[in-house]
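By letter and in written order, the chains are A, B and C; residue numbering begins at 1 in each of them.
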């Protein structure tokens, strides 16, 4: 999949400048610079503790960064402004490692909830959209099921549908297959790949290297809170420049 | 309306107060020790004892937990003499408190011991330990460690409940407070004072028991 | 000396037990309302609110209910506020109940995994929507068994109201004992009546807990 890479600033849907974040005395992000274009698929790889998840969580405001700039869809992230955060989260969706489906709601209602509350859609509209999305992720018959009746892979696909119901411009995926049994990983990755092909901007923290290689436009290798190497997958995986990336890649190749 | 609060006349009575506090703590200490012993014994019976015997601790536990402490106390102090068992106020208080804590301790400890992983017990039998040894040395210590906070909370509850024992003239803190306020006619200040003392005792006792637990049960080994 | 039959005794005790039930209901419902308000207040996020409610809970959980009743009845009287034993007992027990319930309920809210909050936030729900649609329904289910269980504590707590002159089951027991000189029998009956009131509630709470755990597994 090839996208025309227009490097003019106004095409950047996520702009991150010198982002820093510390947890207590632990400086997790030491100054991240990253610009993401609309429609780009970015895979973020690295050892645990390198700050990958923290970076993602800063982008939709689940973590408040200490200093630096973070601009999403031309609007700066204002952590203290509830209205701004609400607007942000309608444009940025997140999929979690542990799915986080709402157990007391059916699958259908899980997907319908936010559109009805936040976008003030009617129940009928939301239900129609929910059914379409469920069909999209291959779960049309599960509208009335409860989350605990579904397998992990199915739950994660519902989580994707739920996030898509808000029609985000950017989708953040935080290790979305790490908690799945191996045989269930494929069905989730297929959905993500189709999203990428349709032009969704994706930022994925992932350990699925072959998937990252195949689907992403650029791969970011994070090491100790910084962007250590960045580039198209063929270059990053095929021709790692730094010792750390070389070591990381060899440690994950079995 | 000008309210005159006089706390000094209470502090004058510090020997009396001290003795009241000592009695409260003493009652609590004795009931804690014997109550936990009952708990350890009856927890075992409820979990692994002979079925024909289980009804006894079960009935005891449910009865104590579903009746007020003051009624248990009155029954022991006023009622038992009719059966020929005459107890001093202090003895009746201790007995009632022991029986009360024992019931709660039974349930708390039972929850702890029933959570013991089966592998632990199997390891013990493989090492030729008998059932009592397995219970006391393998099952009980980790269980007590796990339920220690709940046990401490219950001991505090019993300590606060001991305030009622003053009603049968046990010379503990609330009795002393009553005595003082009947002399100085300062019910408000006296009861506030006693309440604050109880609060401090509760905080202090919890800290002490947590420290004790850490020292004796959790051992010098990294647990 | 007038002979009292067992039936006389039990009949009078049961009549007095009505007041126990009434006082328990008032304290439980009142305590629930106050506890609910305190919980919302505490969850509002301000550090002051947090500390105030924590202090309130510490106060009622760390002092004898007896003292709380005495202060309300005898103590306030000295400050010029004269309350009947009814009002004092209701007030003291309501506040007592509210402190325990807010703590129980706080534990239930804290038991909701953080991921639920995060998922709701990520879907652009504001705080009150997060609480109302996601957190509260889940917390409610978890909260019912311990709340029902606490009702037993409230019923037992009403027994102390007898010491400030409120005529409920325990006070009736004391009065009848003084008339009949049969403490073993009378207090025995009193205990049995409390048991009859409390045990079904305890069983119900336990069965509720079993149901919750079964569906969560």
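Of note:
Just so we're on the same page, a residue touches a chain if its C-beta (ideal position, glycine included) is under 8 Å from a C-beta of that chain, and two chains touch if they have at least 3 such contacts.
The model shown is predicted, which means the values in this text are computed figures rather than measured ones.
Distances between chain centres, each the mean of the C-alpha atoms, put A farthest from chain C. Remark: the per-chain Cα centre closest to the mean position of all protein Cα atoms belongs to C. Measuring from the averaged C-alpha position of chain A to that of chain C gives a distance of 47 Å. Distance between chain centres (mean CA atoms), chain A to chain B: 54 Å. Measuring from the averaged C-alpha position of chain B to that of chain C gives a distance of 21 Å.
By the touch criterion stated above, chain B contacts chain C in their complex at residues 1, 3, 62-63, 65-72, 74-75, 78-83, 156, 160-164, 167, 174, 181, 186-188, 191-192, 194-195, 198-199, 202-203. Of all residues in chain C, those touching chain B in their complex are 58-59, 62-68, 70-71, 74-80, 152, 156-160, 162-163, 170, 173-174, 177, 182-188, 190-191, 194-195, 198-199, 202. Of all residues in chain A, only 60-62, 82, 86-90, 92-94, 96, 98, 100-104, 113-114, 117-118, 159, 162-163, 166 touch chain C in the complex they form.
By the touch criterion given at the top, residues 113, 115-116, 118-127, 129, 133-134, 137-138, 141 of chain C touch chain A in their complex.
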